[in-house]
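The following pair of complexes shares a single chain, chain A, combined with chain B in the former and chain C in the latter.
Take a look at the complex of A and B:
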């Protein structure tokens, strides 16, 4: 068991997400930065889909009631155990009675805390991920509160001498104030006028203060749509379409005034034209960005997107091998 | 590779990043396109294509979610092209469906309280949503609009947005189709189970939250239930499925309260009938055919 002393700003239980229910309106949820979350799980010897804690800006203070291993990845934050600083991106032993505390963040937004065994909340529809809008999964379908008690599953891992292992720099993520975010054009992209299509990848956009698990609003440039007779049932604005499915990572521009990138807790569909989709690898990067950081969108092919995803898979596999070699 | 791939039936496919395939069957709302989407996605589901994790039909388009670690999404295009080719030959415009009765308290006090609170976001701040909808659709009174809305069936043509949400299109001759714009700016609050109307679509809000549809009333029975798995919620937390046909039955407060107490006790029994919906019969007789569907209710 873990007792939540302070919950932090917005801390939720997440795993890789919920599959199979998108078609009836359930978004996948799951860790916003799946790469950092996977690394944390690998470090403590958990299966890839084990549940972790995802923090937002200010992480929690937690008392552990059992010995175990933990790993913290993601944003750059000050983390202590009983007041003594610990390293992120590595394996740390924690003892019964000790208190883990998150301090300020200097880069990025979200930390991932994996605990050997994984968080043991009851899975809902095949996932432990919290989806707050429908009060589903995690701890009572909500962010953590003071006094919550989290069950930790039995630790199947027998190796314990991993505490000197530290991840090489190239396997960490480094949140920066500016990133190139790669997109695959498609969906209703044809509704954007040619000038706006160009503008989308030629100019930088700024992450607004409205950037959360549901969506990231990005400001900076007015986009316009081609003139057409609006389809029956679509609504009168040129950015309106007959309601359709929204991919996770898809970009839309309601009335052209700002861009919204839909994140992992987004609505599954709606009536705004979708313009392109952020590739899965870069959605992790965007999830670590905040106001007033900037992005430049870059169009890439599906082939390149799949290759980048395969490379991420290889990086995670090489981490597994590195750890196996030192333990 | 081109951004868009066109199938033989005119549908247009593209990728939504590395995990999604989006197929636009039509751009205008059209019941035939909806039925084609249902038939196409049923075929995709029946094909049990490895790597496809989610199949998401919408009004006139659909979306697949693919796990690229299992299956290259590009491999799916020829498979989908073949399914579209098969279905293009198939002129059958029938779907297996259900008819479900939803007891509605039109002009309920809870929705009224909320809609009055957000008057400044409405097209007509001096009116109520119902009076506004009545007027712009040419009715002289709210009861006439309620009659037009509740005496004719509605078919779920898009299930999604949020769990339990189903946008329903009324089964009426086109000259009888009701329409209303959404709020100028969305409300930040809506009662759960509120009956909303926007564009040409009706929906029952599954949970309390933001919303932009005109508020007409409140349903006594839930469409989304996670805490008490009674009746239809035994196997699914959401009631509506794509293609379901709803009868919004206008009820009074006494019956509303009676149904509420039975829902709370988990003893409320939804009236659900199984039927086949035939678009060609609907087209031939859009007034009379829907009346025959009501007979499927138990």
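Take a look at the complex of A and C:
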């Protein structure tokens, strides 16, 4: 068991996500920065679908009631055990009775804390991920509160004496104040007028303070839509279309005033034009960005996006093999 | 020697000196506070974070107004500790 002394700003249980229910309106949820989350699980020897804790800006203070291994990845943060600093992106032993505390972050937004065995909340529809909008998954479908007690599953890792292993610098995420974020064209991108289509990838956009697991609002430029008679069933705003399914990572621009990127807890369909989709690999990067950081969108092909996703999978697999080889 | 401790906003958000509109401020300038005293709130996306003092001492100054947008790392208060 782990006792939550301080929950942090918004700390939730997440795994890789809840799949198979998108068509009936359930977004996948799951870790916003899937890469960091996966690396944390790999470090402690957990299965890939083990549940971790995801923090937001201010992480929790947790008391451990049994020995185990932990790994913290993601944002750059000050982390201590009983007041002594520990390193991120590595395997750390924690003993019964010790207190893990997150201090301030200096880059990024979200930390991932994996614990050997994984967090043992009850799976809902095949996933332990917290989806607060529907109050399901995680701890009672909500962010952690003081006094919560988290069950930790039995450690499946046979080698309990994993040596210290640090993720090399080039395999860590490094959140920066500006990133190029790659997109593929959206189903409705033809509804943007030519100048706005060009503007979308020529100018930088700023991450606003309205950015969470549901969506990221990005400001800076007014986008214009082509003039047309709105089809039957579509709303009256030029950014409206007849309802359609939204991909995760979809970029939309209600009334053209700002962009909204749909994140992992977002609505799964609706009546706004889907202008572009942030590729899955770069959603991880966007998930570590905050106000007033900036992005420049770059259009790539679907083939290139799938190639990048496959490469990320290979990178994670090579990490598993690397750790197995040295520990 | 008195020492000035600066308290910074932990994330970008809105700075509040009151727990609710119309209620008394959580702390006042010149007030002497203990470690862990909640001096203000910072809010982002309806998530409220209690800003606590890591030191005991006297609040010399608030560096932001109630309702101001603050950047991450922006100094929001100064506390003079007696040590």
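Here is the rule we use: the second predicted complex is superposed on the first by the 325 of 327 C-alpha atoms of A that agree within 3 Å, B and C clash if a C-alpha of one lies under 4 Å from a C-alpha of the other, contacts with A are read in each partner's own complex, and residues count from 1 in each chain.
Basically, a contact is a pair of C-beta atoms (placed from the backbone, for glycine too) under 8 Å apart; a residue touches a chain by one contact, two chains touch by 3 or more.
Everything numeric in this text was worked out from a predicted model, so none of it was measured.
Engineer: Going by the contact rule set out at the top, does A:306 touch chain B (first), chain C (second), both, or neither?
Structural biologist: After superposition on chain A, A:306 lies in contact with chain B alone.
Engineer: Which of the two partners, first being chain B and second being chain C, lies in contact with A:29: first, second, both, or neither?
Structural biologist: A:29 sits against neither chain B nor chain C.
Engineer: Would you sort A:290 into first (chain B), second (chain C), both or neither based on which partner it touches?
Structural biologist: second
Engineer: Give one of first, second, both or neither to describe whether A:56 is in contact with chain B, with chain C, with both, or with none.
Structural biologist: second
Engineer: Looking at A:133, would you say it contacts chain B, chain C, both, or neither? Reply first, second, both or neither.
Structural biologist: first
Engineer: Please indicate which partner A:210 is in contact with in the superposed arrangement: first for chain B, second for chain C, both, or neither.
Structural biologist: second
Engineer: When the two structures are laid over each other on chain A, which of chain B and chain C touches more residues of chain A?
Structural biologist: Of chain B and chain C, more residues of chain A lie in contact with B.
Engineer: Touch test for A:196: chain B only (first), chain C only (second), both, or neither?
Structural biologist: So A:196 meets neither chain B nor chain C here.
Engineer: State the interface residues of chain A toward chain C in the complex, per the touch definition above.
Structural biologist: 9-10, 56-58, 104-105, 109, 209-212, 290-292
Engineer: Show which residues of chain A lie in contact with chain B when the two form their complex.
Structural biologist: So the residues of chain A touching chain B come out as 19-26, 28, 125, 133-136, 141, 183-190, 231-236, 241-245, 247-250, 267-271, 274, 277-280, 283, 301-303, 305-306, 309, 313.
Engineer: In the complex, go through chain C and note every residue touching chain A.
Structural biologist: 8, 10-14, 44-45, 47, 49, 69, 71-72
Engineer: Residue numbers of chain B touching chain A in their complex, please.
Structural biologist: Those residues of chain B that touch chain A are 1, 3-4, 14-20, 22, 24, 27-30, 53-63, 65, 67-69, 72-74, 158-165, 167, 181-182, 199-201, 206-207, 209, 224, 226, 236-238, 241.
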